Amino acid sequence: MSAHPRTIVTGVIGSDTHIVGNRILTMALEKAGYKAVALGALTPAADFIKAAVETDADAILVSSLYGQGELDCRGFRDLCVEAGLDDILLYVGGNLVVGKQAWPDVEKRFLEMGFDRAAAPGTRVETVIAWLEHDFAARDRNAQKEPA
Amino acid sequence: MSAHPRTIVTGVIGSDTHIVGNRILTMALEKAGYKAVALGALTPAADFIKAAVETDADAILVSSLYGQGELDCRGFRDLCVEAGLDDILLYVGGNLVVGKQAWPDVEKRFLEMGFDRAAAPGTRVETVIAWLEHDFAARDRNAQKEPA
Amino acid sequence: MNAPGSREATRLPLSEKRIPDEVFAQMRAENLARWPTGAGVDFDAAVERHRSLPPHKQLAWVMRKADAERRCLTQPRGGFGTFELQKQLMQVLDRDGHADVVPTTTDSYTRNEHWHLAQKGIEETEKMGRSMLNGYPMVNYGVERAAELVDAINKPAIMLTGTAMPRLTGEIGYAGGYSGYLGSGIAYTVSYIKELSIEEGIRNYQYLDRLVAMYQDAGVELHRRQPGFLTGTNIPPSIAIITCVLDCLLAAAQGVKNYGLEMGQTLHLVQDAAATVVCRELCQDYLRRRGHEDVFTSVTLLHWMGAWPHDDAQSAALISYGGTLAAVAGANSVTTKSTHEAFGIPTPEINAEGLRMTRTAIYLARNIRLDGLPEFEQEKEWIRREVRAIVDKVLEMGDGDVAVGTIRAFEAGVLDIPWSPNRYVKSRILPARDADGCLRILDPGLMPFPRDVLEFNEAKLRRRAEKENVSYGPDLAVSSVYEMAEPIAKLLPDTWS
Amino acid sequence: MNAPGSREATRLPLSEKRIPDEVFAQMRAENLARWPTGAGVDFDAAVERHRSLPPHKQLAWVMRKADAERRCLTQPRGGFGTFELQKQLMQVLDRDGHADVVPTTTDSYTRNEHWHLAQKGIEETEKMGRSMLNGYPMVNYGVERAAELVDAINKPAIMLTGTAMPRLTGEIGYAGGYSGYLGSGIAYTVSYIKELSIEEGIRNYQYLDRLVAMYQDAGVELHRRQPGFLTGTNIPPSIAIITCVLDCLLAAAQGVKNYGLEMGQTLHLVQDAAATVVCRELCQDYLRRRGHEDVFTSVTLLHWMGAWPHDDAQSAALISYGGTLAAVAGANSVTTKSTHEAFGIPTPEINAEGLRMTRTAIYLARNIRLDGLPEFEQEKEWIRREVRAIVDKVLEMGDGDVAVGTIRAFEAGVLDIPWSPNRYVKSRILPARDADGCLRILDPGLMPFPRDVLEFNEAKLRRRAEKENVSYGPDLAVSSVYEMAEPIAKLLPDTWS
């Protein structure tokens, strides 16, 4: 991890009140050395973008547990691009759709929406931290290759 | 039911010790006015035939619960025919095969072996009594039609 | 949308007092005008409708009957995004699940009164051919459709609407023949919303309770119910019961006569049985002390409300044990989950399966009671002491008014809820599971529990920390959140050390 | 084949006495000569083999450890018709089911020593590609294959062979590294065979127990176990425990030191807990009284042994409750079933699922005990009195010899078993379930229970007859056979009267 800690925005999107997993995740990010900007439950998509712009964030972690994430998350990447966050790292996780659906289908749906990763129900924080490390490292390598 | 009670041989075939259902079935037959010849558990196929010949039985009810009925019951109809019991009514019932198999397949297998009816796992005595009444009545009608 | 808005005209100072008739009439008119389907509510017709329902389709009657016959009823959750899907669901739950009470869960847009979004959800659901909403948009569909749903089943129907804003949904459902409504001003405001103050939540439910009292005055007894499971996340019995008592007093003050109390299961047989008895006892005790002599209260336990395992076999055991716990506790009913819990909203069939598992478990344990078991008697006493300390303090802080006391107590942290998303709640209290499997208070935040009660809780939790060789602190709470979701081989290894 | 046959030479008069070394050597030689694979048994090599197994693969060690740590272990049943199928099955049960003890159930031809038929069954199984046998033909496959099965898993292996004729199967399995054998002279002879006398059954198991003593003398402790579930059909605790005590005394007399006692669950939480405690207590009591100071005994409860429901959901609840009952009772292990029980032998996966359901249920109830609960204390006392009355009488009838007393007692009907297929058993005793869900004695046959005990049983059953408005008599017993197999809506209707 670099000296300057990365900033990560977290929150639960839409009308969703499930805060427990998101809060535990946020605690784990902080413990792992990230700077977490926690928006909490029931957060409109626009508030995520606004917070990311204001804090110059490196990633947004969107939680959606209540099933309506498929409606809430549509166009999320576009909103980022509009706000100038062209290649901010975007993760989404929780119980993303209504009902027990085959995970590969669900994952595909969210990757196509522009998320870099989607986390299946019950994903543990250790996994999320490992993903972040991996993806930030990859970005660092790319950044070194391309002259600034 | 005719004045002269019908005689029915019951028993559990092969090396099978499951006597409870067979005993309750036998009790129910007697209560329904049949004469039951109860051979009990662990009865070789040959003993059924012998008892049926000796008592001039109208039907044989073979129980098999332990799964090996498919092996034990092969050739049962042939043994009957050899003993001159050409069209004795033959039922089989219980847990006829090893494992949970689709009932229509299992039924077909036992009907092809020459049983007139096969009873699925857990069949209640009321059903068996109703079958007997129906089948005996059908036979009586046929007997009346064909001159003796 | 969460702001009081146009209600300024009818805004009385906060108190527990029954809303006067004229003010309430005015409030209703304003409320029903908020969405076109509100116009479909005709109070007199609604009263007629309820009178015409057979008793076994009236939840108030059914809960009284269950209590009299010591039956433990089953009730699932269930909501889909369109009328047709919802109707099929309710019929499957009734017929294949043998549900004693049939639910209609509303979707989360409806819960937050975002009816325009709900309308989009209906359209998307129809387009995609699968439910895009996590529940039934009761307001969008209106009174007549609600009535059709009630007519499609042969059981009483209850609204499950997990919201701090029940006013329009409640009007529509009750008018359609629903005879029960789950929700309350304190419990749901602290657990289902971020920005709404507890005061607004209490006001919203005072409206609903007052509406039910109006039906009562017209000779129709409707069932109201409190969701003491709160955030569903390791709520110790005392925390649940404290909110049960307070919400119940608020409802009684508006004139409600048939009130249910719900608690999430702790999953400890003795603790759940003790909680059930004490909840029933203390609610009645405080009701009587405050002059409400004739309020019928029932107690419902809910299947495990925290995170579920991903293995169907493990889930089936949680479901069955949930039936066992409710039966042994002598609960009047149990609210069920399914083997799909960890993944998503269950199909009607899987939901019905959970009901039958639970029903079988209830049958098997129907005659077991723990009276006289020393641990049970002790646990009841600990819970009583925890509840009384807080409730008495809240009443004192309100100078005799429950509504006022509640607000002041939340501000002071005297009332607190673990894992709350609501910004008006301190959420400093932290629960964890002890070595015996009981839920205990790890950190009371600012809640003024007696010292020996806290020592008892701490001793229990320290024993777990020692046994598992982990440090005593917040990690105990976090691992308790995951515990039931862990693979069973981790919880009970099949190797020897 | 059931006749004593060539054993005339070594036939001693019946008694409980330990078989002398030389006689036993002669008996073994004759026994091992009965089928070619018998020649594969080499006692010294077998002792070496057991010594080389790690402790966690030795059932005697595992049962002692479970008892010391108050763990409730899980063990399924399982047997398929060929070596390959059996090996896969055992691996799935070990790895996916987390079984603490892995079984090998033998097929029914092997149980009846019809090894030629078993050979045909193996061939048919290979031909059809699905198991045509209801278990593994242990004798036909012999010692080396048995050893391969034991090596394929990382748990102790137990033989489940439901037979009154265990001599060759036992020799082969133990030689292959199996460290446990379920079966006993009284229990299995009364419930698994029609024509064999109890005397022959006892003699057959005296051989097996004597074999285990020979291993013990060589420094290898093997586990022996008694199947007190008998005919599995509504066996009241006292009937099970009576056979536990007698079989246990017979085994101890041959020199067995590690003995398990099994009982089918009654499905009543309090009665099962009471039965577990009393079984443990009275077996030890009679062992000590008869000079066997150092016999370790464990208690195992079995998932419901009567007829199962046809609905997976109901079955799942029975399975889970079975784990709950075993855990609360403090049993050392529980023997599991699956949701396929009513239909047929389960697939490995469904069997493993039953194990995980049970394991989860055990975890959830691991700390619950009923000590001090008034009903529990009373129930224990009733069971003790029922057991003592009969066991004392049997000992008296045998003039101090358990084997002799047992035979005389069965002849006189002093010992009796419900629903027995064996012609040497009167099978006049008839059990039924009472209104609380406990198993009671409806008709004692000729068993000399104290008068007040019988009055107690009758009063309990009359209360059920009244409650259900049916006549007091054998129909109560028959309906109790079906009860658990009935659809749940019949047992606990979702309508109101």
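Going by the order they are written in, the chains are A, B, C and D; count residues from 1 in each one.
Criterion: contacts are C-beta pairs under 8 Å (C-beta built on N, C-alpha and C of every residue); 3 or more make two chains touch, one makes a residue touch a chain.
Since the structure is predicted, the reported quantities are computational estimates derived from the model, not experimental observations.
Asker: Looking at CA centres, what chain is most distant from chain D?
Answerer: Ranked by distance of C-alpha centres from chain D, the top chain is A.
Asker: Hey, how far is the Cα centre of chain A from the one of chain D, in Å?
Answerer: Computed from C-alpha means, the inter-chain centre distance equals 56 Å.
Asker: In whole angstrom, how far does the Cα centroid of chain A sit from the Cα centroid of chain B?
Answerer: So the centre of chain A lies 68 Å away from the centre of chain B.
Asker: Centre to centre, by mean C-alpha position, how many angstrom separate chain C and chain D?
Answerer: Spacing between the chain centres: roughly 46 Å.
Asker: By the touch rule stated above, which residues of chain C touch at least two different other chains?
Answerer: none
Asker: Spell out, as numbers or ranges, the residues of chain B touching 2 or more other chains.
Answerer: Residue numbers touching two or more other chains: none in chain B.
Asker: Is the way these chains touch best called a line, a ring, a star, complete, or other?
Answerer: line
Asker: Of all possible chain pairs, which ones touch?
Answerer: A-C, B-D, C-D
Asker: Could you pull out which chain D residues touch chain B in their complex?
Answerer: Chain D residues touching chain B: 81, 107-109, 111-112, 114, 117, 120-121, 124, 130-134, 191-195, 231, 233, 307, 310, 340, 342-347, 350, 419-421, 423, 478, 481, 485.
Asker: Using the touch definition from the top, list the residues of chain C that touch chain D in their complex.
Answerer: So the residues of chain C in touch with chain D come to 55-56, 62, 65, 98-100, 155, 267-270, 309, 311-314, 316-321, 323-324, 328, 353-368, 370-375, 435-437, 488-489, 491-492, 494-496.
Asker: Over in the complex, which chain B residues touch chain D? Could you list them?
Answerer: That would be residues 12, 14-17, 19-21, 23-24, 27, 40-42, 66-68, 70-71, 95, 97-101, 121-122 of chain B.
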